[in-house]
Amino acid sequence: MGIINVTGYAGVELARLLSQHPDVWLTSVTGRSTAGKKLCDIFPHLNSGDMIIEEKLEKVDLVFSAMPHKESAEELIPLLEGDTKVVDISADFRLKSADDYPQWYGFTHPAPRLLEKAVYGLTELYREQIKTAQLVANPGCYPTGAILALAPAVKSGLIEPDIIIDSKSGLSGAGRSLSLPTHYAEANEDTTAYALGGHRHLPEIIQELELLNKKFSPSITFVPHLVPMTRGILTTTYGTLVPGKIAGGRSGEEELNVLYRNFYKDEHFVRLVESPPHTKQTLGSNLCLIYPTIDRRTSRLIVISCMDNLVKGAAGQAIQNMNLMLGLPEEAGLEALSIYP
Amino acid sequence: MGIINVTGYAGVELARLLSQHPDVWLTSVTGRSTAGKKLCDIFPHLNSGDMIIEEKLEKVDLVFSAMPHKESAEELIPLLEGDTKVVDISADFRLKSADDYPQWYGFTHPAPRLLEKAVYGLTELYREQIKTAQLVANPGCYPTGAILALAPAVKSGLIEPDIIIDSKSGLSGAGRSLSLPTHYAEANEDTTAYALGGHRHLPEIIQELELLNKKFSPSITFVPHLVPMTRGILTTTYGTLVPGKIAGGRSGEEELNVLYRNFYKDEHFVRLVESPPHTKQTLGSNLCLIYPTIDRRTSRLIVISCMDNLVKGAAGQAIQNMNLMLGLPEEAGLEALSIYP
Amino acid sequence: MGIINVTGYAGVELARLLSQHPDVWLTSVTGRSTAGKKLCDIFPHLNSGDMIIEEKLEKVDLVFSAMPHKESAEELIPLLEGDTKVVDISADFRLKSADDYPQWYGFTHPAPRLLEKAVYGLTELYREQIKTAQLVANPGCYPTGAILALAPAVKSGLIEPDIIIDSKSGLSGAGRSLSLPTHYAEANEDTTAYALGGHRHLPEIIQELELLNKKFSPSITFVPHLVPMTRGILTTTYGTLVPGKIAGGRSGEEELNVLYRNFYKDEHFVRLVESPPHTKQTLGSNLCLIYPTIDRRTSRLIVISCMDNLVKGAAGQAIQNMNLMLGLPEEAGLEALSIYP
Amino acid sequence: MGIINVTGYAGVELARLLSQHPDVWLTSVTGRSTAGKKLCDIFPHLNSGDMIIEEKLEKVDLVFSAMPHKESAEELIPLLEGDTKVVDISADFRLKSADDYPQWYGFTHPAPRLLEKAVYGLTELYREQIKTAQLVANPGCYPTGAILALAPAVKSGLIEPDIIIDSKSGLSGAGRSLSLPTHYAEANEDTTAYALGGHRHLPEIIQELELLNKKFSPSITFVPHLVPMTRGILTTTYGTLVPGKIAGGRSGEEELNVLYRNFYKDEHFVRLVESPPHTKQTLGSNLCLIYPTIDRRTSRLIVISCMDNLVKGAAGQAIQNMNLMLGLPEEAGLEALSIYP
């Protein structure tokens, strides 16, 4: 396996998880400013011996790209012309319509035909396609939490198209690049909303909810927030129940629970919980916890999800996808329990 | 001035702010388990000299009660039969309907007639009544942020009754009493939602939004969250614009801004801001920052407010009310700037 | 395997690590207030299926006790009369002299003869004895960090007996029991020293340093501090170089490094590092990082160690000991890399 | 008053405190990258109206410089040729010997004669000289805590010259400039030591302890640590009691306390406390809390101090000095109580 740009938080988390994977070997990693250095000098926790961060990736069977958008596509296109399998952590192959790239990411997509070929890597929704894909577009962290929270309700037509998604993310989601908002003394003891004008993860969420239910034309407001912790995303989603679909009161809640449990009944990494979940319950694990409930006073659906943004929200899900692409058990290398407290 | 139950976080914050007030003197404080001890032995930062925590309050002109609900009413009723002025930090006189107390607080209200007499102490809405009130019911921390965020839109009929209120609070809002959810190792590096079945601050929010607009019968979902910081509440509110009330696009945003700026134009402690506010910008101050905007994709109103939950959300607002009740300048003792970073 | 008192942080961390151990099975756990409940209802992250928290331990080959001191001895004495192997996380069998218990722990030791039999479970120092021990007294978290930092210098007679140990611990070290100092709003954004009159871990440190060098009669000042994080202990130790033992300047530093590297050259879980270590580099792993250096201006030895207090400082080391007692590879179940960031 | 380089944390804290000062006016502030912008656009909490950040300071009576070292001297030398009073927050005039600058700060001092003229601004030690000084060199944050902790013991010859200073600082002490060690996800949940080779604050500490007692030639090891909080420094100092100077046991502790209380008996901002102090008890205030004690087992002196590094450790002390230089009450503008919790 290889990792392009191992030096961001998603890249280094990939390296950590792959080091502990029973069936695959990490053989080549690249970085930009750190090329030529030993991986374990930059990241001592990896215990990676003499592995060097290279400028150019060696030949590998499967490559993960943790490059920023645009550059990721540029690096991957030559590889995709061969038979290298690719899991792209960037956004470059997530959107089906090339037209969305100029608007949301500010560049013209260099290979629109690859967008058709790419499989959206939300494993729980696209497991079969992922197994045979050459190119998997690993979802963004916010979309993973939001779509998993909403998929059962949307697919079953349970809610109206008006949806509010209010997400609270730890700071590692903002990456390893320095910035004033992620400077410790600024971010600590602070909570704020951002990207009110439209976060780049929004088109991804809309696209996937539409694909889940062809009759569904969602009107989504998505507001991400930063909260002072390192890892974790908690997403609170609000929808309006379509009248007549589900009973009122307690029995409606039970129906809802059955619906969600059935939807995810064979999933190893999605767990329905009986009280509002805590991000701490997912720290370091590949779990997504989901809590669906009904606000009985207003007949509103509330679904809360949480996960570790760097595992299920990035590197863990990427490995889950790799496992499928290589015919390995989906859980391989991802069985670690959450660290508590 | 006197404080009943100085030993919770609202009580001790009152003591801090009163110590620095130019026009009034704190002369008597009570506590339960700490009665008989010196105030500065329990709270060294207060620099309170020889002041003793008493079991029974001495005679004072105005009393703040920071007792838990039910007990607060019991302590205050005898005082209210005399001419002592009262600012009650508890919930015991916030709700106009005595019928709400058994449902939300689990006790039968001992003095329903006082509910009529009590003025809801959201200073910006009830300034004139507060000036002549004997009994002011200081608002809850969540309601202060939510009502200030929504009042201009509700009063002007700008939004539909369907409202989502998603609040993120620091841990001091959960009080000084020990509990597992507020144990450091449990709360640190964690975000969670709670009180999904209906938080006690909800009826207060509904009552006040209804009073702002008689034609308005709000259907409110309120979900509070705990985020790992000590002070601060950020509240994100979502509403649907009534069609035809406000222009679309950028000019609608400007109209919205004008509406909000006019509504709060004479307010010293409410400040309209031009980018999403940070709780850190209010730490230690009596400010409430408000950011109204429109999600143009969905024509949804989003208003974000934030404040220090122990100042504008509790003790600061109580002193703001006291100032009015005593004919003092409203800002007296409340001019401290926020601590940054 | 069994765990007595699974509900504290050391106990639940044992359960987590044992669940992931390739060679052993956790079959019985006990708790007090939680007896009768499902383990995964109290600790959802354990994914422990139907395992029930029992009042009384079932028959197991090896038991871990995570009981408070005194009670731990009382529970274990009957088991030790049989052939059950025991790793005691409490302090009850750490001190060789029964006379120390009344002074430091406030009780008369119920089984002084077991103190002779017990092996102090600092694996790196007592590996051979642990292999055949029935009873291993798992070291305290502070002693583990302090002794590993000082052992090479003390054993080789490099430093004078005057030693300062200044430790900085995260809050999980203070346990899961509620207290005001561990209440989130009190502990967050705070650093403080405590136990200046003599922390209970001091006699353990003195005993072990004396045993390392019979000519050494240490005079140790140990000051523990609490810093606002969940996991991690950083220990900064200061000693005075015995004149003539080591060269001055840079070559002395090299000699020192060689000495330390040799001392720990076969150790899997002790790693010498070349710059001051970060507690974050050990989060969730069984590593102890050690950085020895010389303050050239004063010819003082400074050795800094750090580790995850719940892993190498408690549950991880307990499993390391169990592995030896059962003839398993010492690293079994303890290979997880640190979580970063 | 004017502030050169208002945009670092010391500069903006000066602006906050001066805004609330009853007797002086902030009339001019400068910044580099932010010149031309409104101060309140960069720091909304300052509520500074239309004040603009200028490139060049206007004429003022007294100027604070919060520039980095070397640049500060360059900016101040022309002003010092006139009669402008100066409080320099940088290190440029703290050291008496010009020879120390190349070694510790890497530049040749441009005005060695000003070093004689400068008064070291540790107010408690140099009050009289500060009153008539044109140039005050405001101490570093670490030296303020360390010297105040040790001064009474050193001056009275109570301890041997061998001293250990172990400091724990919040991240705001590392400034507002971006760096990987102060990136939130790196610094959060982490404790580490740094500058083991010799921190720049060390020569300041040595110089001042020597000046306190001419017979004293201190041998100091100083190790600063970063702990995950925004504000606060806790300093733990260790010394060896000179035999025969003080009684043993409890009565020695009482003598020590009397000595310290007498030394600081007229000080408004230094407070002796009876249990180990918490940094939280100083948040936002100009207090330095000091706790002296004796480790009776080893006859070692331990003195712990703590303060808010941006107030008593920087901007607050600068204003304390300004007050003296202008003939104002020393406490003016510095009376705010600490924020708790």
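Just so it is clear, A, B, C and D label the chains in written order, and each chain counts residues from 1 on its own.
Operating definition for what follows: contacts are C-beta pairs under 8 Å (C-beta built on N, C-alpha and C of every residue); 3 or more make two chains touch, one makes a residue touch a chain.
Everything numeric in this text was worked out from a predicted model, so none of it was measured.
Peer 1: Both subunit A and subunit B are touched by which chains?
Peer 2: Output, common partners of subunit A and subunit B: C, D.
Peer 1: Farthest from subunit A by Cα centre, which chain is it? Let me know.
Peer 2: Most distant chain from subunit A: D.
Peer 1: Starting from the mean Cα coordinates of subunit B and subunit C, work out the distance between those two points in Å.
Peer 2: Those two chain centres are 46 Å apart.
Peer 1: I'd like to verify one number: the distance from the centre of subunit B to the centre of subunit D, where each centre is the average of its C-alpha atoms, in whole angstrom.
Peer 2: Comparing mean C-alpha positions, subunit D is 37 Å from subunit B.
Peer 1: What are the residues of subunit C that contact at least two other chains?
Peer 2: Each of 9, 170, 172, 176, 185, 188-189, 228-231, 283, 341 in subunit C touches at least two other chains.
Peer 1: Using the touch rule from the top, collect the residues of subunit D that touch subunit B in their complex.
Peer 2: For subunit D paired with subunit B, touching residues are 9, 12, 16, 19-20, 43-47, 172, 176, 189, 230-231, 273, 281-285, 335-341.
Peer 1: So in the complex, which bits of subunit C are touching subunit B?
Peer 2: Its residues touching subunit B are 9, 170-172, 174, 176, 178-180, 182-185, 187-189, 228-230.
Peer 1: So in the complex, the part of subunit C that touches subunit D is made up of which residues?
Peer 2: Residues 162, 164, 166, 168, 170, 185-186, 188-194, 196, 198, 219-221, 223, 225, 227-232, 234, 236, 238, 240, 276-280, 283, 293, 295, 297-298, 300, 302, 304, 306, 341 of subunit C touch subunit D in their complex.
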